[in-house]
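In what follows, chain A forms one complex with chain B and a second complex with chain C.
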Partner chain A sequence: MTRILFSDKLDNCIAKWRSAGLTVIGPVQGESLSGYAAVEKAAGFEFGMVLPERPLKELFFPQTEPMLRYTIKKNEIDTTDFTAPQGKRIIFGARACDASGLAIDDPLFGWDYKDEYWFQRRNESVIVTIACTKADDFCMCTSLKLAPDSTKGSDVLLRPIDKNRGWLIEELTDRGREAFAIISDYLQESSEPAVPTVVVPEKFNLDACVTWLQNPENFDSKFWKEISMRCIGCASCTYLCPTCHCFDIQDEGDTYSGIRRKNWDSCSFALFTMHTSGHNPRSTQSARWRQRIMHKFNYFPGKFSVNSCSGCGRCSRQCPVDMGITETLQEISKL
Partner chain B sequence: MITQEKYRTTVKELLASGSVKMVIGYKPGSTPDRRRPLFIRTSEEADQLVLDSTCMTNLSGYLVTEGLLSDEKRVGIFLRPEGIRSINILAAEYQLNIEQIVILGFDSTGRDVRPLEGRNAGDFSGLLSEIKEKPVQTSKEPLLERIEKMNAQERFDFWQEEFSRCIKCYACRQACPMCYCRRCIVDSNQPQWINTSSHTLGNFEWNIVRAFHLSGRCVQCGNCDRACPVNIPLRLINQRMATEVLDGFDHFAGLSPTQEPVLASFKKDDTETFIL
Partner chain C sequence: MTENIQSTQQNIYKPAIMKIVGRHDEAPGVRTMRLEFQDPADHEQFKKTFRTGMFGLYGVYGEGESTFCVASPETRKEYIECTFRQSGRVTSALANADIGDLVTFRGPYGNRFPIEEFHGKNLLFISGGIALPPTRSVIWSCLDQREKFGKVTIVYGARTVADLVYKHELDEWQERADVELVLTVDPGGESPDWKHRVGFVPTVLEEAAPSPDNCIAVICGPPIMIKFTLISLKKLGFDEKNVYTTLENRMKCGVGKCGRCNVGSVYVCKEGPVFTAAEVSRMPAADL
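Here is the complex of A and B:
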């Protein structure tokens, strides 16, 4: 016997969570773009899409975040810190790749310096993932040794039952159990089977790729230039990536007062590594693409023992010149 | 199909005779409806060439990145009429030597693709003037109609809503063949003209700079619009600016490689009391 949350009870659950002080967030189809957003009613959700176009990471690491306000006076500097907005949230209907993305980035944001903006939001959010029963040509979680029902980064895993009538509940963490205790009145025991998760074919041999990337001789391989010749260096693959986490700190204002902000930045930009002298150690787009791949599958796992990719496929789905991680790793597997 | 086969042969001949070092075209993409840019240097690579109505990307931006033309060798490139206009502008703005470009022109109606006569930019001047005089009539987009009915405040609100989604990835800039500046104004920080942050004000600033900087230069290839990951209808902004420039200055961008740029030229006897 497993507990089931029936879809027709979702409105009651949302109301219950909201009255317990949680903001309820989930996949929403906007007029021209899908993403994760807050809803008041179950009708606001759209569970039918493969995955939202915008990644879950932006709810934890927004594109621009104020850090402090400064005022420079004659003999003193005044600063006021901004903290991340407080408030408990439940993300209902995350995708497994998006939830994994959060877990992948946790060690990064907590490594030598604990990023309060990230962790405050992480600690105040319950991630309820719905296992995928649908995928598209770009999904590749299985190539990254994850799965449509992987539990990484999730507090609760839901498995859909037949005809979108509801979900079987697997509570994974205390945070998840607490959130579901709030709605326990609306849950039912049942032995109904779950709809099988979608089969996502493996697209490349990850271990072979990693071995190739770790070989220092391949750093200067001609491969990099060939594979990235058409990259135009737009940053959309990094900005939509649920694990890409680079940021830049900028002061906005004038010499006397302003706001210091933490803004998304991307290794695709020529300016990313430009020195003040004008020298750029990654002066070509191919060097920048190599960095993106090396970082995700060589340097990041070297430091944190996990690949910085959850296989969501957004980078390939979105690329204006039809590049992406998939093609590059497929080609590396053949080398 | 016939056009594609003929062009494969042409490309092989161009490469074999040594008249070009490379041809930039299209090949199949990761799904049946996708095409991706292809850089052809060998006869085998020419066999991958695809040319059909789904080849939409304006490839001309590749001509001015990372010194492709700096060895003075010639390069062939597949271009729709808009693409030909954009290389004319690049030549007029001294970004490339038009003599180095061998044009493999094509256009499509529905699913049919047909070759365009000519190899050099000058060969297409008749065609481009015709397009200026008789623009292809396409049915008006419902969104454009909606915007035209709005008053100034509603229009402002509409764009504010659209720009609030912008994430400042600058894909629109990178995809645009006319955005070739080595150092874009948004990347300059001494002084910092434009807010780097992607909040609504910063997004507005960026998109307005982009609209102005492309006025009289945009050829409506649609690269920016297709590249924008958050689906902002960028085409509408540039189309509108192109109409303004055409109505106000009778300027149709990219008619010839020697056309004077509309926003970068002035006359001493200009009646206006200011320049932009």
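Here is the complex of A and C:
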């Protein structure tokens, strides 16, 4: 017997969580792109999509984040810290790739210097992942040795039952158990089976790719120029990536008062690495695409023992010129 | 967006407030500033952590932050000195600040020159143009405890006489009996009264021919100078393990998160900025 949450009880659960002080967030259609956002009613959720277009990371590492407010008077500078928005929240209906992405970035935001903006939100969020029962041609979690029902980064894993009538509950962490204790009145015991998770075919041989990337000789391979020739450097892949974490720090305001912000940035941009002298270590689009792939599958795992990719496929799905990590690693697999 | 303001929390991106207590123009567009901490706690933290070779992010609120080395030595921690060329938004704002004005400093970050390991050894400093500041931090850190080191040789060159920085200190080093200073300017950069060498740094270095025996070399300069100086040092018999340099890449966070300063797999902000030539030669040259 497993406990089950029937979808017709979801409104009750949302009300219960909300009255317990939790903001309820989940996949929503959104105005332009779909993403994860707060809802008040179950009807606001959109569980039908393979995964939202915008990544879950933006709820932890927003596109723009105010860090400090500064006020300058004669011979005096006052600063006030902004902190990540306070308040516990439950993310209901995350995808496994998005949840894994959070766990992948934890060590990066925590090594030596701890980024409180990230960790405060991490500590205040319960991640309830729904295992995938459908996928599209871009999904590639299995190629990254993850799965449509990976538990990495999740506090609770839900498995859908037949006809979208509800979900079987697997509580993974204390935080998950606490959140589900709040709604225990609405849960039922059941022996109903879960719908099998979708089969996502493996698209490339990750180990072979990593071996190729680790070979110093391949850093200067003509492969990089060929594969990235189409890249227009728009940065969509990095912005929509659930693990890309690069940022810029900019002041918004004037000499007397303003806000210092942390904004998404991208290794796709030429200015990203440009020196004051005009020298640019990564002056070509191919050098920048090489950096992105090397970073994800060679440098990042070298430091944190995990690939900086969870296989969501957004980079390929949203690329305006039809290139992405999948295409690149498939080509590397053939070398 | 909800923007909650909270009282002070541990915020790794929050800089210390510094007062400008001294300014000195070194060369056209190049200025040195001496900064003092306003909060004693920030100063204590700096005194505990700063070692020569480390860098910081210097800033002006409303303009942003720029990364340069700490140009003052680890033997003088009452203040921080930085030397920069006015070239962009932040450096212009810094250059426009007056004595008494407040600016910001975040750091010190990165690794350092392991100068205890240099004890008892001869030291050869080689520098070009505006790259003297990081070298100068090491030079004074050693000269302030002169007895611990062997022979000290400084080879410094710039494009023109006007471009030489720390001219007053060059005079001081020139007069010291325990320092050998070799100054040079690029051909065409000499003034009528120039009494020193004319020639590029690598050539002048080869003429000076310092012995590699028991000697540590510290080189800082533009990439092209470093490239040819390394060749010259090799000719002179220096082992790459005994040659140190410092890399300066664009940075925003300084603490290993913003993702831009890496050369290959090496994060300059955390594993550097100080590297031996042997370490640099293992990095992918196309990423430098």
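As a working rule, the second predicted complex is superposed on the first by the 333 of 335 C-alpha atoms of A that agree within 3 Å, B and C clash if a C-alpha of one lies under 4 Å from a C-alpha of the other, contacts with A are read in each partner's own complex, and residues count from 1 in each chain.
The definition used in the following text is that a contact is a pair of C-beta atoms (placed from the backbone, for glycine too) under 8 Å apart; a residue touches a chain by one contact, two chains touch by 3 or more.
Owing to the predicted nature of the structure, the values given are computational and were not obtained by experimental measurement.
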Overlaying the two complexes on chain A, which is it for chain B and chain C: clash or fit?
fit
With both complexes overlaid on chain A, does A:S316 touch chain B (first), chain C (second), both or neither?
first
Figure out whether A:R230 sits in contact with chain B (first) or chain C (second), or with both, or with neither.
first
Partner chain(s) touched by A:T129 [first = chain B, second = chain C, both, neither]:
neither
Which of the two partners, first being chain B and second being chain C, lies in contact with A:Y239: first, second, both, or neither?
first
So after the superposition, what angle do chain B and chain C open up at chain A's Cα centre, nearest 10 degrees?
80
Partner chain(s) touched by A:F247 [first = chain B, second = chain C, both, neither]:
second
Partner chain(s) touched by A:L33 [first = chain B, second = chain C, both, neither]:
first
Just to be sure I read the superposition right, which of the two partners does A:D220 touch: chain B = first, chain C = second, or both, or neither?
second
Of all C-alpha distances between chain B and chain C after superposition, which is the least, in Å?
5
Those residues of chain A which chain B touches in one complex and chain C touches in the other:
248, 250
Going by the contact rule at the top, pick out the chain A residues touching chain C in the complex.
62, 66-70, 72, 75-77, 79-83, 85-86, 108-109, 111-116, 216, 219-220, 245-251, 253-256, 258, 260, 262, 265, 267, 272-277, 279, 281-282, 287, 291, 294-295, 298-299, 302-303
Contact set on chain C toward chain A in their complex:
1-14, 17, 61-66, 85, 87-88, 91, 100-102, 104, 222-223, 248-250, 252-253, 255-265, 270, 284, 286-288
Any idea which chain B residues touch chain A in the complex?
29-31, 34-37, 39, 57, 61-62, 65-66, 165, 167-175, 187, 192, 195-199, 202, 223, 226-227, 229-231, 233
Give the list of chain A residues in touch with chain B in this complex.
32-33, 53-54, 63-64, 137-138, 229-230, 232-236, 238-240, 248, 250, 252, 261, 263-264, 266, 269, 271, 284-285, 316, 318, 320-324, 326-327
